[in-house]
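What follows is chain A paired twice: with chain B in the first complex and chain C in the second.
Right, the complex of A and B next:
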C-alpha cells in the first residue's frame, strides 16, 4: 500500500516556484531519505505531506486522503524538525505527557529511556535547551510517537557527531521492532546511507532520483582517463560530474554504461570504478557539473 | 501499522486539556489582574464626611466596579491572544485540525471564564473582608447582603459578559491576524472610537447593558458570541495553516 502519493504537485511562494510538477509515491513500511541542497524544496514537500501547506496545483494523498486540515492524517503523522515551536509555558515532562495523550502508539517507557540516556532534566523549559539538545528532544518525540508516518526534516541539525550516530541507530532499531513509514530529509547522504531503504533526490523542485538504495549504488560509474577518449564514447548529456586532474586527464561520473560501452572504454585505457553513494548524491545535487572549480575557470 | 481514526469530540477534549498546560498564563494573568484591581479598589475608595452638630459621620464607599472592569478587559485580551501564531504552532505539533483547534479554544475560553467568574465574585467578598479587618469591628460597616438567588444571578451575568467579551476578542484577533495593515487599521479605529467617545460605542454597550429582560439578555449574548466565534472561524479558515 502506498502511504504517500504526489501527482503533478507544484508549489509557488509568490513568484518563487519551489516545487515543479513533482510525482512521488512512497510505500508503506520503508525508510526513505530525502536528499537535496538548501532550497531544493525538501521542507516544502514534507510540510505539504504533513498537511501544513497546500500545494499550488496537483494532488497529494496521504493514507489515501487529502492531508490538509485532516484529523486522521494528523493523528497518524508526526512532523519533526529542529524548529518545533512548543508553548514557552510547558516543561519537558508536560510536553511528553501531552504527546502521550495525543498519540495512541506513544511508548512512554521508550521515551523515558531515551530521555535518561541523552541526559535530559525534564523540569526545564524547551526554550532553555541548547540547539543540539532541542533537536535531540524533538527527535525523541518523533521516535516515541510511533506514528504510521513519521517525518524528520533535517532532524540532526546542531547535534554532535556521537548523538547523530546514536539517533540513527535508535531510529533503525526502533524501525525494525515497529515497522512504519519514515521519511528523513538531509542535505547529506553520508551518515544516513546505512539506514535507508530508498533514496529520493530532489533538485530545483523536481525529483531526479527515487529508487532503492541497492540500485542507487550502481546508478553511476566513475571514469578516469583521457577526456577526449571518454567524450567519444559517452554523450555529454549523460555526464553527472566532471573534474580535470590535468589538462586532458579527467575524472568523469556518468550514468550507467552498457556492456559494449564498458568494453570500448576499457580498450581505450579508461579506468572504471564504482562511485560511493554519498559522493554521487553530492554530484547529482550540484548546480554545475564541475563543482566549485568552475568558478575559478578562466574562459 | 494500523491507522488511528480519532473522533472530533475526543480530539477537542484532549486539546482543551493540553491548553491548560500550554496556556497557563491566561490563568496567571487573571490572578494578577484581580489582585491589582483589589488594590485599586482599596486605595481608591470614595469617602465623605458630614457633620451634624456634635455628630460627625464618615462614610467610605467601595464598589466592585474596578474588579469588574479589569476582569472584562482580561477576558477580551485572553480571547484576542489565544489563537495567536505561537499557540497555533504549539497546537500543530500534536493532533489537530482547524475545527478541533477552534472548538478547543472556545471550550478553554468558557472554562477559564467560569474560573474568572468565581474569582471575580470572590474578589468582591475579599474587599469587604479586608475593609472589615482594616477598620475593625468597632466602626459601623454597612454591607449589602445577597440572597442565594441574587448571587447566582450575579454569577450568571458575569459569566455571560466574560463570554461575550472573549468571543469579541477572539473575532478581532482573527481579523488583525489577516495582515499587518489590517492590524494597524483595526487598532487605530478601535482606539479612536473609544477615546472620541463615539456614540455608536455607547449604543453597543447599552444594547447589552440596558436590557432589562434576563431572557433577552441571555439571548443577545449567546447569539452575539456564537456569531463572533463563527466569524473568527470563517476568517481563520481562509489562511494557510503554517504560513
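Right, the complex of A and C next:
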C-alpha cells in the first residue's frame, strides 16, 4: 500500500518555482532517504506531505487523503526538523506529556529511556537547549510518537558524531520493532545509507532518482585512465562526472556500463572502482559535469 | 565480520557470503534455523530489506529453505552446494581474470602453470 502519492505536484513561491511537476509514491513500512542540495525543494516537499503547505498545482495524497487541514493525517504524521517551535512557557516534561495526549502510539517508557540516555533534565525550557540538544530532543519526539508516517527534515543538524550514530541506530531498531513509513532528509548520506531501504534524489524541483538503496550502489561506476580510450567505449550522454587529473588522464563516472564494456575497458587498462552513494549523489546533483573545477577553468 | 561499505560488492552479497562462511565453518549447522532478517539487520546495522535480500540469494542458491511461518533453515546439502557454486562461479571467474592478465603480459602456459604450482607449494609449506 502506498502511504504517500504525489501527482504532478508543483509549488511556486512568487516567481520562484521550487517543485516542478513532481511524481512520487512511497510505500508503507519503509525508510526512505530524501537527498538534494540546499534549495532543491526537500523541505517544501516534506512540509506539503505533513499538510503544512498546499501545492500550487497537482495532487497530494497521504493515507489516501488530502493532508491540508486533515485531522486523520495530523494524528498519524509527525514532522520533525531542527526548529520545531514550542510555547516558550513549556518545559520539556510538559512537551512530552502533551505529545503523549496527542499521539495514539506514543511510548512514554521509550521516550523516558531516551531522555535519560541522552542526559536531559526535563525541568528546563526547550528554548534554553543548545542547538545539538534541541535537535536530539526533537528526534526523541519523532521516534517515541511512532506515527505511521514519520518525517525527519535534517534531524541531525547540530548533533555531534556519536549522537548521530546513536540516533540512526535507535531509528533502525525501533523501526524493526514497530514498522512504519519513515522519510528522512539529510546532507550526510554516508552516515545514513546503510539503514535506508530507498533513496530519493531531488534536483531543481524534480525527482531524478527513486530506487532501492542497493540498486543505487550499482547505478554508476568510476573509471580512471586515458580519456581517449574511455571516450571510445562510453558516449557522452552516460557520463555523470568528469575530472581531468592530468592532460589526458581522467576520472569519469558513468552509468549503465554493460559487462562487455567493462571487459573492454579493463583490456584498455582503464581502472574501475565503485562510487560511494554520497559521492554519486553529489555528482548527480551538480549543475555541470566538472563540478567546482569548472569555475576555475579559463575558457 | 565488519561490512565494507566502500566495496564494489553490494552489502547483501557480503551478508550472503558471510553466512556461507559461517555454514562452511560449522558455526551454523545443517538443519538449524538461520538468523532472521531482523537479527541480521540488528547485527550489522543495516536495513532489514537489505538483509532479506542476502537471505533470499541463499534460497536461490539452494543453501537455505523457507518453512512457512517459521523462518529460514539450512539445507542438508548446503555445504556441498556452496562449494560447487563457488568453484563454478567465483573460482572460474578468478581464473578467467588471471588468464586475461597473463595474456596481457604475454606469459606462456607453462610459465603460468609453474607459477601456480609454486604458490601452491609455498602455501602447503606454510600450513
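Just so it is clear, the second predicted complex is superposed on the first by the 299 of 299 C-alpha atoms of A that agree within 3 Å, B and C clash if a C-alpha of one lies under 4 Å from a C-alpha of the other, contacts with A are read in each partner's own complex, and residues count from 1 in each chain.
Simple rule for what comes next: a residue touches a chain if its C-beta (ideal position, glycine included) is under 8 Å from a C-beta of that chain, and two chains touch if they have at least 3 such contacts.
Not measured: the values here are computed from a predicted model.
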Next item on the list: Put chain B and chain C onto chain A via the superposition and say whether they clash or fit.
Entry: fit
Checklist line | Which of chain B and chain C A:195 touches, first, second, both or neither | finding: second
Next item on the list: Please determine whether it is chain B or chain C that touches the greater number of chain A residues.
Entry: B
Checklist line | Which superposed partner A:63 touches (first chain B, second chain C, both, neither) | finding: first
Note to self: On the A-aligned overlay, A:208 touches which partner chain: chain B = first, chain C = second, or both, or neither?
What the structure shows: neither
Notebook entry, point to check: Touch check for A:278: first (chain B), second (chain C), both, or neither?
Noted result: neither
Margin query: Under the stated touch criterion, which partner chain does A:89 make contact with: chain B (first), chain C (second), both, or neither?
Written below: first
Note to self: Taking the superposition on A as described, I'd like to know which of chain B and chain C A:169 touches: first, second, both or neither.
What the structure shows: second
Check: For the superposed model, what is the least distance in angstrom between any CA atom of chain B and any CA atom of chain C?
Finding: 17
Notebook entry, point to check: Quick one: in the complex, what on chain B touches chain A?
Noted result: 1-6, 8, 11, 14, 17-18, 21-25, 86-87, 89-90, 92-100, 240-243
Next item on the list: Within their complex, state which residues of chain A touch chain C.
Entry: 30-31, 168-169, 172-173, 176, 190, 193-197, 212-214, 217-218, 266-267, 272-274, 276
Margin query: Help me check something: in the complex, which residues belonging to chain C touch chain A?
Written below: 3, 5-8, 10-12, 38, 41-42, 44-50, 53, 100, 104
Item checked: Sites on chain A touched by chain B in the complex -> 29, 47, 51-54, 63, 68-72, 74-76, 84-90, 94, 97-99, 101-105, 141, 146, 148, 178-180
